[in-house]
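In the two assemblies presented below, chain A is common to both, partnered first by chain B and then by chain C.
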Partner chain A sequence: MSIIIKNLSYTYNPKSIFEKVALKNINLQIENGDFFGIIGHTGSGKSTLINHLNALTRIQKGSGEIIIQGIDLTQKKLDFRRLRSEVGMVFQYPEYQLFDETVAKDVGFGARNLKLDKKEIEWRVKEAIELVGLNYEEIKDRSPFEISGGQKRRAAIAGVLAMRPKILILDEPTAGLDPRGKKEILDLVQNIKEKMCRTIVMISHNMDEIARVANKIAVMHKGEIVCVKPPKELFSEREILKKYNISMPQATLLANELADKGFEIDRGIVDEEELIEKITNYSGQIANDEEINLNL
Partner chain B sequence: MIEFKNVSYYYNAGTPEQVRATKKLSFTIGEGEFVALVGHNGSGKSTVARLMNGLLIPQRGEVIVDGNLTSDNKKIFDIRKTVGVVFQNPDNQMIASIIEDDIAFGPENLGLPPEEIRKRVDWALESVGMSEHKRGTPFRLSGGQKQRIAIAGILAIKPRVLVLDESTAMLDPVGREEVLKTVMELKEKEGMSIVLITHFMEEAIKADRIIALDKGEKVLEGGREILSMSNELDRIGLDAPFAARVAGKLREKGVSLADNIYEIEELVRNIM
Partner chain C sequence: MKAVSFGQYYPSDSILHRLDARMKLLLVVLYITMIFFVQSYIVFFAILIFAFALVLISKVPFLKVLRSVRMIMFLMIFMFIITTLFRGGNVGEVALTGDLRFPSIYLSGIIHASHMALRIFCLVLGTSLLTFTTTPVELTDAIERAFSPLKLIRFPVHEMALIMSIALRLIPTLMEETGKIINAQKARGAEFESRNIFKKAKAMLPVLIPLFVSSFRRAEDLANAMDSRCYRGSEGRTRLKQMRYRLKDLIALLVVVAIFFAVLVFRYNFFDFEFITYLGETWWGGSSDLPPPSII
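Presenting the complex of A and B:
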């Protein structure tokens, strides 16, 4: 088991007039090899939850526990270096965090903090830059501020990968990108999963995207996890979707509209190609029936 | 309302790093019209937003707002009152520590009487569905909630043109739909002109007119029929809306469908 969260609660500004409960009794298990999606409305507690996973937000006293790859995050003297080489975190709009003179220095920042030797850092930086699909020789000495928006986001992700985490957490990695950029980053995340980080936790507002890549999706609502299901199951549960005001992937939406009109189709379809195939067969069937009717 | 005449804008003009962001761009935004401006990242969309309210002044060509040139320093206050721009990142747009103070900043600067300011603040917060947070602080809100506050801040000025520069990019689908609905209502009820800068094609379908940019140039302009031109859209790094894309693929497989399909309801009607 990769991540175990037990009875986790969190309150911002406790015992003040600004007191705000952000997480309520969260219980969650994320297994090695999962591509774990988290969805929920803005303000539902998604970011507060993942900030706990690399101890940026510390667990409040008596408010539950988290164990990641055997590391107990409730302990006072936490080995941050060890934790951060297990768990990498890519924030929203990570490109805003680029700061160093050159791309190579910037990407190496986290790895340098792990106190690795120089050769090792250099090697990891190269590996990370290449893994995110950038050309190392071409980009290493350039300023991170003069490369394009898409390259900046890749460079920022590379900075996290240079620490070689086994678990990668991403908070809306495709936000603000155009359709092509979204697809490229999503492909990149899948490639990272294959080559480096076996376990991925990803927050997304884009149902089409999360349905395509995740094997499990957790729904957050007002600081609680209200369900964890595989995409096909989740998006066929109309009650849940309605209750928590979750929109469907476009393909599921179309499948449901068709099902409402009497079309025999699985309401949980999330894949565009599968849907197109079903509709094509159906239309072929109708054309056939009409022909038979004519022959009669 | 707004007219762009052969507008070219260069960043770092006159230096070796000079970059052209728009090229001989001409178009108009009419009174009460809803125009979507689409294009991939780096196509010049945000530059256009900044040109619209005189944050940037073009080196070539003219931008005219309500008869006034944006290059006319004496008119810049009128222009900013007429054209309100909501940007992508709400964190750069918050100024006060209490939400309702933040919203009141714009109308206060217009020198409005206190009762009117109160009314506008309440109305603006109501419009974006954030009334319950009015005494809270914007800095503790989530990204999407902050963005709604940023939109309310501009609404309170009651501009005649509301420019949304990818302002819904950080919202969840339901939040995006709500903002879009708010925007449509403002157009209907207040006669506000809307310029929606986006790469969500499902949003662009709702516009009266769509303008597509590529490398700072206008490459497509028209009604929603341009959204079925999948090849052209693909060439400039955009996607056709879902229903148009699926309809296209179904036609390729020999399913006979009507020509103009852009929304899921239309597709369903055609299949059944």
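Presenting the complex of A and C:
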């Protein structure tokens, strides 16, 4: 078990007029190898939750516990360096954290903070930059402020990867990108999962995205986790979707339309490819069966 | 919405909140001037009662007010000590410390120093009451009005006020942004808790640089947004919120002027009241400039 969260609650500005309960009794288990999605409306507590996983937000006294790779986050004298080399965190708009003179130096910032030796740092920087799909030789000496937007985001992600975390947490990594940029970053995250970080936790507002990559999805609502399910199950549960006002992925929407029209099709399809395959096979059948009137 | 409490404004619906901001500004100026005419414990005491009554009326919690006074506590104590040590006595006064060359502390010195400390306390109390009950935007508006005669000598009053209100508006945004960047760098292993001041300054670079970059970006966005809405300065510009004096503003003015007058009477005894002459000869009713025998 990679991440265990038990009875976690959190209140901002406790005992003041600005008091705000952001998390209520959260219980969650994330296993090694999971691609764990978190969805929920703005203000539902997603960011507060993941900030706990890196001890950027400390657990308030007596409001639950978190254990990550055997590290107990409730302890006072936490080994931050160890924790942060286990858990990498990519915030929303990570490109706004770039600061150093060159891309290579910036990517190496985290690795330097781990007090590794020079050779090791250099090696990791190269590995990270290449993993995010940038050309190391070409980009290493350029200023992080003069490269393109997409490159900036990749460089910022590389800066986290250079610490070689086993768990990677991403807060809306595709926010503010065009559809193509979104797809590229999503592919990149999948590639990272394969090559470096076995466990990924990702927040997203985009149901198509999350349905495509996650194997489990947690739905947050007003500081609570209301359900954790694999995408196929989640998106076929109409009541839950309706109750928490969650939209469906495009593929699921279309599958549902078809099912409403009387086609025999699985309502929980979340993947475009799968849907296309189903439809093409179907039309093969229809060609022989003239009773059904295709009314699309 | 996140409750960003910037500066001090404490939202409430008290009469002090509803007074016209220009009037409040004028009243605070009067109040400050008045404080400089006070020079006896008993009048300070009366002023303090008045100020605390205002705090009660304003519905701002006492603790909050005291907290804002706490910040200048150090200054008060420092000035008290320095003044008592170095003021010297009145003509013919014997030091409390006898023949010691240093320190030579005089009773009149202690009285003088405590008057100074009280004066600062009263000043801060009054001005913070202004900022507690007036939003920064109202305040800059009021300042713009107060200085608008300077337009005659071509001083850019409107522009200055605009700069002020933009700055005030952006402070919470920048504070939030700073928090985010600090978190992002912490996640990359940055440490800000170092005791060593040089290390600390160096550790701030990864925060300051992105902060500068984003401020410039914001400034540019704002300038473009203003341009595209045809902003062209104060000429012919009307206001969304018209300021108007009302009866309550007049009453407030009368109250403060009356108190000011009373303070002047206590100080100069225009009408030769006997009790004021008597008070003037006691240590608690007179100033620190009294000849030594009568002080005790």
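Following the convention adopted for this analysis, the second predicted complex is superposed on the first by the 290 of 296 C-alpha atoms of A that agree within 3 Å, B and C clash if a C-alpha of one lies under 4 Å from a C-alpha of the other, contacts with A are read in each partner's own complex, and residues count from 1 in each chain.
In this text, a residue touches a chain if its C-beta (ideal position, glycine included) is under 8 Å from a C-beta of that chain, and two chains touch if they have at least 3 such contacts.
The model shown is predicted, which means the values in this text are computed figures rather than measured ones.
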| item | value |
| --- | --- |
| Room on chain A for both chain B and chain C (clash or fit) | clash |
| First, second, both or neither for A:Phe235, with chain B first and chain C second | neither |
| First, second, both or neither for A:Met207, with chain B first and chain C second | first |
| Chain B versus chain C as contact partner of A:Gly150, first or second or both or neither | first |
| More chain A residues in contact [chain B versus chain C] | B |
| Contacts of A:Phe35 with chain B and chain C, given as first, second, both or neither | neither |
| Partner chain in contact with A:Leu275 - chain B first, chain C second, else both or neither | first |
| Contacts of A:Phe263 with chain B and chain C, given as first, second, both or neither | first |
| Contacts of A:Tyr10 with chain B and chain C, given as first, second, both or neither | neither |
| Partner chain(s) touched by A:Phe18 [first = chain B, second = chain C, both, neither] | both |
| Region of chain C that runs into chain B when the structures are aligned on their shared chain, from 132-140, 222-230, 258-266 or 276-284 | 222-230 |
| Those residues of chain A which chain B touches in one complex and chain C touches in the other | 18, 20 |
| Interface residues, chain A side, partner chain B - complex | 12, 18, 20, 40-43, 47, 92-93, 148-150, 172, 175-181, 205-207, 245-247, 250-251, 253-254, 257-258, 261-263, 272, 275-276, 279-280, 282-283 |
| Complex interface listing, chain B residues touching chain A | 39-42, 88-89, 137, 140-145, 166, 169-175, 177, 199, 201, 237-239, 242-243, 245-246, 249-250, 253-256, 264-265, 267-268, 271-272 |
| Contacting residues of chain C [partner chain A, same complex] | 2-3, 5, 177, 180-181, 183-191, 205-207, 209-210, 213-214 |
| Chain C-touching residues of chain A, taken from the complex the two chains share | 13, 17-18, 20, 51, 54, 56, 80-81, 84-85, 88-89, 91, 94, 96-100, 109-110, 113-114, 145, 159-160, 163 |
